[in-house]
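Structures given as structure tokens follow.
Below are two complexes that have chain A in common, paired first with chain B and then with chain C.
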Partner chain A sequence: MAALATGGATSSDGATSFQRKVPANSRLATIAGTRPSVRHGQLLLSSGLPSLDCVLGGGLAVGTLLLIGEDKYNIYSSLLFKYFLAEGIVCGHNLFVASAKEDPADILKELPAPILDDVHKKQLDEEESAVISKQDSRESMKIAWRYQNLPKMEVSPAVSARFGHYYDLSKTLSPELLQSRKWHRFFLPEELSLQSEIKTCNMTCGYTRLLQSIQRIICQEGFDGSYPQKKQKNILRIGIQSLGSVLWGDDICCTDNPEYIHSLTTFLYVLRGLLRMSLSACIITVPSHLIQNKAIMERVTNLSDTVVGLESFIGSERETNPLYKDYHGLIHVHQIPQLNSLICDVSGTKDLAFRLKRKLFSIERLHLPPDLSDTVSRSSKQDLAESTKLLSSGCGAMATGKKHLDF
Partner chain B sequence: MLGELVAGAAGGLVLIQDTVDCEGRSLLKTFVAASVRRGESVHVFGFEIPEEEFRAGFDPDVAAQLLYQDGFTDPLCWNGKTGGFRVEEFSVLGVVTRLQRGPVGSATIILDSLSWLLLRRPVPALCQTLAQIPRAAANAGLRVTRIVVLLHGDLHPLGLVDTLHSLARAVVWVGPAPEGMRSKEDAHQLASMLQRKGSGKVVKKEEYFSILTGFTLKAFGEPTRNTPPDEDADSHSAVDTAAYLTFNLQLSDTERQARDRVPLPFHFSAQKKSSLLEASAGTGKIYYEPDATDDLDEEDPDDDLDV
Partner chain C sequence: QGKFTLLCNTKTNGSFLVHHFLSFYLKAGCKVCFVALLQSFSHYNIIAQKLGVSLTAAKERGQLVFLEGLKSCFGVLFGEEQPGGQTSPFQWISKDGSNLKTMYEFVRTSLMPSASDSWKCPVLLVDELSVLLSLGVRPVDVLDFVHYCRVAVCSQLKGNVVVLVHSSDDSEDEENELVVKSLCHQSNLILWAEGLATGFCKDVHGQLKIIQKGSPKLRAERNLLRIYQYKIQDKNVTFFARGMSAAVL
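Up next, the complex of A and B:
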């Protein structure tokens, strides 16, 4: 496959020295910014965040929907949204930005600038040399000296450098680059003021209008293959911000018994049909922490392909928890799609945490520190270990308290 | 931080949430007074209390500059008289029309209270209206800097209150100060504030305050937090595993040096170590030197063919 040109590992990866044989000329026309998946043969896009691509199994498949459950103050979810759109701009895809709160032009003005390859490579080299020099300056191991030069255990999943891009949050995308790409907008207050309210098929007016707009763009621009003579195909990246919030006219966030309870689910059903029949991918952020009726969120998860929930530590009691002191929040991967296969690509670890630095949004496995309290080695007592109490996951929360079970 | 909020640090939607125990209208009036003193035009949409009661307590010059829209007397227009503010009029168009009656320049909108409106208008439409007022006013030539609303937190379900918090730029919860504070320093109320700054940062703070005559704010400091003694830290420092043993596990300095000097098994010299390390960094290589007795025949490696 032509696009897998960098399949061979370099010596810095340390894994293998096998090189993949690449055919000289490829017969497959590839679309910029995509690559075929090795697992299920679908065409993959980068979600804008290389570490999220690894968690999702290589990337986001074309024709699927990525749903992000917002964190409480909508800081990190809007960041993921911007990364997705910025990746579209950098790869040359077309964009469709829909929002009820902010003007899409303002959203596009705030997209982060990509870190270009040679600059990033230099930085990676600098980091590596810093690490190696740190290793030298560190006291050399006396007994285990054979392991001295081996690389440290990787906390974050391995990343292939060519597919996704890294973004610098302190700089914004250059306006020339923005103008050279084609993008479409949908801003709900504008659309509502233009025409009178209509309500069709159980959906609120805003959703109906949005679906009509997306369908019109897909047909007009030929993303569904309606212009076969156009040689150069392109991808449409659709971004919808805060779907389901009050500003879209939907009341599922306000009450337990909303009037339009099926509005959002109907929208997702129709949207997924539109996505499947066109060369597009969609990212939607949903304020899932505000949706009162839990059944709605279950249905929404079922109707989407990839569902990722964000939980930030700002303002919660976990901020001071020593277990989480390096991280800014947790990522929960609720669902990964099964495309043309019987099983989905689920990674083994369920505890993923993220950390935001200016140039890197990294997602790492959360490791429990070794438990050094004095009750560890005692097998008679049924006390909970201190670190599981800190995690307060489901099992830990049930058996709280220091009492041990006596039979 | 409360002083800065009153002085206009936050734009957009500012929510003051009070409870049954402690009313928030006096803090709302503090915002009004500070805004008027700053020279902004203040449009008050009053629904819960009559106009005279709202104007009571302000300084005369401040009260004279308030632009009051009366939604209390006749909100459903039963008397048929025009002039009052009808409840259906609270849409983007209606509000902007009322705003245009005042002077141009920067305007602050005060809603007393949002709870009254939430109970009478459909919630999504109301929230959309609140979000669109600044934009529509900008189209009409006005500049709405902030919308300060009063919300009675006890009247609404939690979900609705959370939704409104997510829409607001700054939220101030007003509650009574605990008993000790109230008697000591005349601080009557406790405000917990949350402000979303433009860069995505979220600031949370608590402060004691009281309201003086003429609706000026007097802010006291933050409440001192007495943390419970950190038990874990104490227990870790107290766990000195070598302290209570009957045998000696500790090392004196001379003993430590003697231990460092003992040569370890497989302790190679530095040169041999570095040569071994460098060789293993690359690909694997096998070095084989055949013995004298070794007789490698390529065609018959196992020596079992009858050739």
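Up next, the complex of A and C:
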């Protein structure tokens, strides 16, 4: 993997007092929008959502793959997809957008606009005041002094405002900003009409074309380090929408015994090789709820680095469940990569939910509201017990049982 | 000598066992052929350095033969034809009719002792055999490959073979379960890393089951089964008896 030493992570906008001064004749080129990870020395990219970055252990590492299992109606996963691409535009990275459904130019027109400057500064002020108030409260605990040493509870994971950006979903990215960035497209219906030689392989035609296209871009633009004289390195953000769906020519979403059972997994394996040897990161959304054969999903999870599943409450009985009234869905983090170290960066929180407020999409720890009613009917108590059992807890199967404890 | 060790992981990341065996055999002065299908060379190198071994140095002095799956597959699919008609060990991925035999040949030639070698017994390490199934290889071919390697390495060259597979109790992947069960039957030592049955815990990362098969000569000896729980740290893994984690005591 390309582990680069950076002189200091700088964001591409706004000068803040926390910025380390990089000397003018520094040899080490820093790439905008990245920062080195403390854990494993890889360069980290922001996924576009600061709260998701926190869940993923600081960000998405360069050279890895983020796989998102789509929610039922593909509403929130396409949002995450757009956030990733918008972050790339704002940081000045190159983009590669592949889709079989929509024209990539249309996808890029709908990217959310970043919230910059004023709010940025306000966030920094808030951070500072939060730190100061923490120090104050540490001294002032006279009655509850037993709790003094416990860490403060946080509802949403801590965010760092400089590395990731916040986006306003009600506005779209300005076309001037879009035009100033370099991006590449892959729209399957166009590519299939062109004639080109394809090596016989285990993959469907669409996947082979996509791989060739990605490999060509990486090679030509020098993301794999083939142009060492180029001083300014940049990152390629690859976004592939709805991989594995029928539109890509794959039939794993249609039948239980598909013909192209190895197509997606082979694609992911070769893509992994491509990503590892270049300065790029990839986001793929997969309609995992449509894949009939669960073995394929297991293999896909094995071959990807970071796997996140989205489960939205739309249309399910949980939408009206009072337990989940603040949230729009659950996020399951199925896998976090173990890079360059024996330990993998697993956060302590396993129950995460997301909500889409007017402008902001945030991921928070799931809190069940307290059961305050005096006369609790049998049915709602049963509901509670069922829901708490459904909250998954990482490795190992939870003990199942129908009875709930009555205190 | 001549042992086949199976590393299995269920719902958790058992690759710390692979890193341990790699550094263990390199430190012991054995010739190692490492077939790394899932990760890149620098990943293993960085971790091995933390454990006290340098993979680049081992490669240079010929102690380590590293077959990097990701790079080789890429070379086969996107590269030009190799001069001299040499077939890459990953020729089978282009589905031109070849099977895992090329990979077996590669393993055999790399572990064959040459005149200038002074290493001790040869070792074959395979990281994630389950990846081969995802790439379209039939379970029969995978088992054949393992069998051929065992014959070559364990019986003829008196070396060891260590293989990592991924498995799960409620897995729907039947082909994988087939391969794992068959390998469990053939192996002398099984190290099974699994997550805790009660769920996720910060201090205890998982449970390691060590199953040692009794030798066929002493019929009275039963299979030895030991269970330890472990916590992975940056350079080390600490093992302790069940329920005796430092966080609890």
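We take it that the second predicted complex is superposed on the first by the 301 of 407 C-alpha atoms of A that agree within 3 Å, B and C clash if a C-alpha of one lies under 4 Å from a C-alpha of the other, contacts with A are read in each partner's own complex, and residues count from 1 in each chain.
One rule holds in what follows: a contact is a pair of C-beta atoms (placed from the backbone, for glycine too) under 8 Å apart; a residue touches a chain by one contact, two chains touch by 3 or more.
No experiment lies behind these values; they were computed from the predicted model shown.
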| item | value |
| --- | --- |
| Partner chain in contact with A:D168 - chain B first, chain C second, else both or neither | neither |
| Chain B versus chain C as contact partner of A:E102, first or second or both or neither | neither |
| First (chain B), second (chain C), both or neither touched by A:R276 | second |
| Which of chain B and chain C A:N74 touches, first, second, both or neither | first |
| Contacts of A:E110 with chain B and chain C, given as first, second, both or neither | neither |
| First (chain B), second (chain C), both or neither touched by A:N340 | second |
| Chain B versus chain C as contact partner of A:D224, first or second or both or neither | neither |
| Which superposed partner A:N302 touches (first chain B, second chain C, both, neither) | second |
| Touched partner set for A:D351, first chain B, second chain C, both or neither | neither |
| In the complex with chain A, residue positions of chain C that touch it | 11-13, 15-16, 19, 38, 40, 42-43, 46-47, 50, 69-71, 73-74, 77-78, 93-96, 128, 130-131, 133-136, 166, 168, 170-176, 194-200, 202, 206, 232-235, 237 |
| Chain A residues touching chain C - in the complex, by the definition given at the top | 1, 3, 40-41, 199-202, 211-212, 215, 262, 265-266, 269-270, 272-274, 276-277, 293-295, 298-299, 302-303, 338-344, 346, 348, 350, 393-399 |
| Residues on chain A engaged by chain B in the complex (per definition of touch) | 11, 17, 73-75, 78-79, 100-101, 142-143, 145-146, 148-149, 189, 204, 245-251, 253-256, 287, 289-290, 292, 314-315, 372-374, 386 |
| Residue numbers on chain B that touch chain A, as the complex places them | 122-125, 127-128, 131-132, 135, 157, 159-160, 162-163, 166-167, 194, 196, 200, 202, 204, 232, 235-236, 239, 264, 273, 276-277, 280-283 |
